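Both complexes shown next keep subunit A, but they swap its partner, so subunit B is in the first and subunit C is in the second.
Moving on, here comes the complex of A and B:
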């Protein structure tokens, strides 16, 4: 099993969710986050005053999928979240040691 | 299945008895019977266990008392059994094991025991940190044990209560305030806790205890006895909730609401209808509790009383202020002059004062008269409502209007959302509460001094008239109480009806309609639009039209989201909303010059007039205003110039149409300054025929025009002569008094920025400077002296800050870097105070 963590643009959330649903991925955790990548923020000028915008709103999706489906899910994420511009986000993959369903103690992929 | 189970693994000897009581309740919904039966059963368990375990070793040293709900014989299923073990002295080494065994046996019997061991002395002293002990003794009842010991307590308890009555009441109120605050001081939760939330059973108990602590001649002055209908509703509801959950669970969840509508307590078709009935009962309890708290707290310390007496100086011909509460001066005031009701709420909104219980009562008595009076709509109500909505504590006044029923009398449309439940995962409150909370949230922005909310606080400070914005918040969700498929459409219908009845002027109605119609636009853009895409900016600019509308809508969105639940306006959403605001703001200021009207609607005459004006002109002016401008253009064509000055909403509007020439805009600004006028906003456009259309909004700080009608004619003539180049403005300005130089700390340093990308043909120059009379003239002159032609101007002021955007050309093209450098210095000097 692998955990997939994707940081995407907020306006892409619905599109990404829909694309994942179409390949049978329904379960995920969505968090509103703020952060920045390589740009390290930028300066905005509003009414003659400069201020630093260092943390931009993004959305973080987390899901755990069977190892055999990782490539398909990542491809779906990339194609649905991409705009081609700076700030489209990132995807991170992690190994998962175990998954346990609290309700009935199911283990492993059965708990996903 | 609903079964009360013993808490230990031991088989419970009274299991059948619990089930019999439960079955009897679920058959009859007789809560009182169920509670009494449960109390009797527990009485029996407690006493027989005592006889077996404690009695033989305690002698006359222990008495067992039922206190709290158990003492009142109101033992709800799965609730704590409150026991007081009254002891002669601190338990001896021999007695302690017996006391432990007694408690353990009671636990093993399936009771959830909540006990304390106290001496008579401990029971008759004030426990500041455990006032619940003192309060629970108000409901004490002897069960078994040493009667002489109990009588010792009985002999001392009344004296203690009498002596500490004030302190007990004060502590009780403190506890209640704290509990209410945990539930955000509102009864209108979509999933309420029927015991702890305001208006719940704990508030009923408050009334009971205050009545018990009262020693005057009037019996039960706090109204516990009048709450019988609410009690008859809430008791069986709580019983059922506990049986349903199999534990002491007082949350009336969405699932529970789905089920309760089919039960005999109040069979209804939909949970939303059922919840309205629930809120009506709870509102009665909450109102009585609020009055009780008010009464007790008004008998406070002398220092506070002194301050409150000082506030009584606010009394006027209509109202008396006493101890921070407002009273009517005369008993028949409402009957003789129903509009005093509106003056009353203006008074609340101005002074941050609450109504006295007596004032509440009088309004309640005359409410049908007020409903009838306001429904006739004989006099325009908007001026009075506008004043109230523009005052600093308008939200307090609106809440008081809601509580007294006057809000429904003035706006019957509000009945649609009275206690209206809309099932939504994110929303925590009923629609009426959400709307009032939104107004409150907006008001609280005024106190923000730092942090990311400060940006919105500054936007609020820029709103000249907050009344339409607050009105729109009151009406934005009313459609949720209608059958309309889109609640926005329902809200618009209701708002139209109301604004027509109260005779709101068209300019305000237009803003209210816009805000309600588009109140979801910015939220939708926050989550559904790519904010870096120029198409989003263009879309927003098209939908919003003007900066004024954008500011209003950003604030409305801020208040709307914040009032969904206490954490809805997260830092994430706040940042997103601000980004949306900035995207739209930039586009609205950028598009001034770039987008020109190519094909104009209407007659050839109209087309000739409109062609070449910025596209925003069509969006920022109503058809009647455009028609009026065309009429002025006809006059211009006859005599070469058309000038119109009129007063609207406390501000003067000057419109000038004539052929363009060098220094014209600066000359017009200078003319107004020479009369001491303060320019608030200005726009300057040119159409394809070379006709300028300049508009100025200005105030008259010295009331020159108001006090000297002939001065208005003189200003009119001066503007005409200046426009035609017959008078030199410099001559007019010779005798103008210079304004005082602001102190260093409050001075705003001039900022000049150039943007050559914003427009295809002109350079955008944005200036931010300390506002002062004559500033616009000086800046416009600096442009003209530098040989620049002003294509478009948008002038705005925010408090002492002037924010002006000019689109300028030099020799029909954009400015080059050296021209920018030269102009920057000229403008900087022109902006100095």
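Moving on, here comes the complex of A and C:
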């Protein structure tokens, strides 16, 4: 099992969710986050007071998938979340030691 | 027109019986009084609406979200506090005859303030209507100052400050300009007649200049200017500013103290001033920073309303457009350039908008005031009427207001600091006024 963490542009969320649903991934956790990588922020001006805003709003998706499906999910994420511009986000992969379903104590991939 | 119809109707009725001139006059007076009183009560309510919710929303949106309730409370509590002070002594100190500087105690506890008009001020409405209308001005004026010390003043010290400020700065200034026998009164003649229709000196210079003193005395907010202190909700500020615009019709057109043509003229000038100023600020900002902001638009409208306030019952529509546009540009430069240069923390620009806009408006009133609009004095009014000396009178009026606000506010702050301490503890400031002063939060997302 691997955990896939994808940080994407907020406006791409619906498209990404739809693409994941089409390949049969229906479990995920979504969080509104702020951050920045290489994307430069923008300037805001309030009555002449300037602020550089470099932490930009993003959406973080987390999902745990069986090892055999990781490539397919990553490909889907990349193709559905991409605009081709700086700021599209990143995907990180983690090994998962165990998964447990709270309702009935299922373990491993059965719990996904 | 309505009284003419009534006149015809009544004369018809009178012809049927024996003509009774006395009864006819009484009926006409009653009709005019009813019309004027309706407008003045409406205006009173409109002016109260400027403080709550207007100013409370405008200022509340401009602070960080940890201070939204504390900021709104500063406006709201004045609706209660000043009302009580006004009822006990404030009205008398402002509008009792007294001397050139302050009223006497003849109306203490509103003694003798009832249904009968006070012919010195308004002949067609109950003195009680005049009293409650003027109260609404006494409420909003100190509330305007709170923009300068936002996010860092102790609530207890603010209450003491505002009480003393009403007594030492507002009531004397209101008396000097509007009270019978006041030094600057133009209609119940004082020594230096100064035209201030709805409060350029009394309301905006006093509050704006006091705001600057407060900003300097309290010092900068923790982290200013390095830490971002963006307005937490320009949506709230937008609603507040639009309510101010609407409420200002009561403020200025109501200052005609009747519902006649002068009220219409003031209404038109007010609206024109706000419109031109919104454009002035937005254009100046667009040229300088490349973007026309919403905050710029609403700030400009308020700046225009401030500047047209003293002029509203004296100037024609085209000068109103000019005064508004000038105020939009000047107040923008005050907030965006002068404040940035000197780095004082007038947090919500009470000085930049009310101090600067009020002074500009008071001076330009001396230029554009004309007997074609205001016939009460039946003599040339401003520069455009061929009375250039009036500009000097306006300048003296401004200097008196500046001086009283500077000295009075400094002394009051010293007293408050000695008695209570004016500034919140650094921990409380970081935590925010909502929690540290009031024990609650404006936005509770998990509930």
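Note that in this section the second predicted complex is superposed on the first by the 101 of 112 C-alpha atoms of A that agree within 3 Å, B and C clash if a C-alpha of one lies under 4 Å from a C-alpha of the other, contacts with A are read in each partner's own complex, and residues count from 1 in each chain.
Here, a contact is a pair of C-beta atoms (placed from the backbone, for glycine too) under 8 Å apart; a residue touches a chain by one contact, two chains touch by 3 or more.
Predicted, not measured: the structure shown is a model, and the values here were computed from it.
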If you count the residues of subunit A that each partner touches, which comes out higher, subunit B or subunit C? B
Touch check for A:33: first (subunit B), second (subunit C), both, or neither? first
So, A:103: does it touch subunit B (first), subunit C (second), both, or neither? neither
Give one of first, second, both or neither to describe whether A:9 is in contact with subunit B, with subunit C, with both, or with none. first
Go through the superposed model and pick first if A:46 touches only subunit B, second if only subunit C, both, or neither. both
Dual-contact residues of subunit A, meaning touching subunit B and subunit C, are 44-49
Okay, in this complex, where on subunit A does subunit C touch? 44-49, 51
Inside the complex, what are the residues of subunit A that reach subunit B? 9-11, 13-14, 32-34, 44-49, 55-57, 83, 85, 87
Okay, in this complex, where on subunit C does subunit A touch? 225, 228-231, 289, 291, 293, 295-296, 299, 332, 335-337, 339-340, 349, 352
Which residues, counting only subunit B, touch subunit A once they are in their complex? 526-532, 570-573, 575-576, 579, 582, 585, 751, 753, 766-768, 801, 803
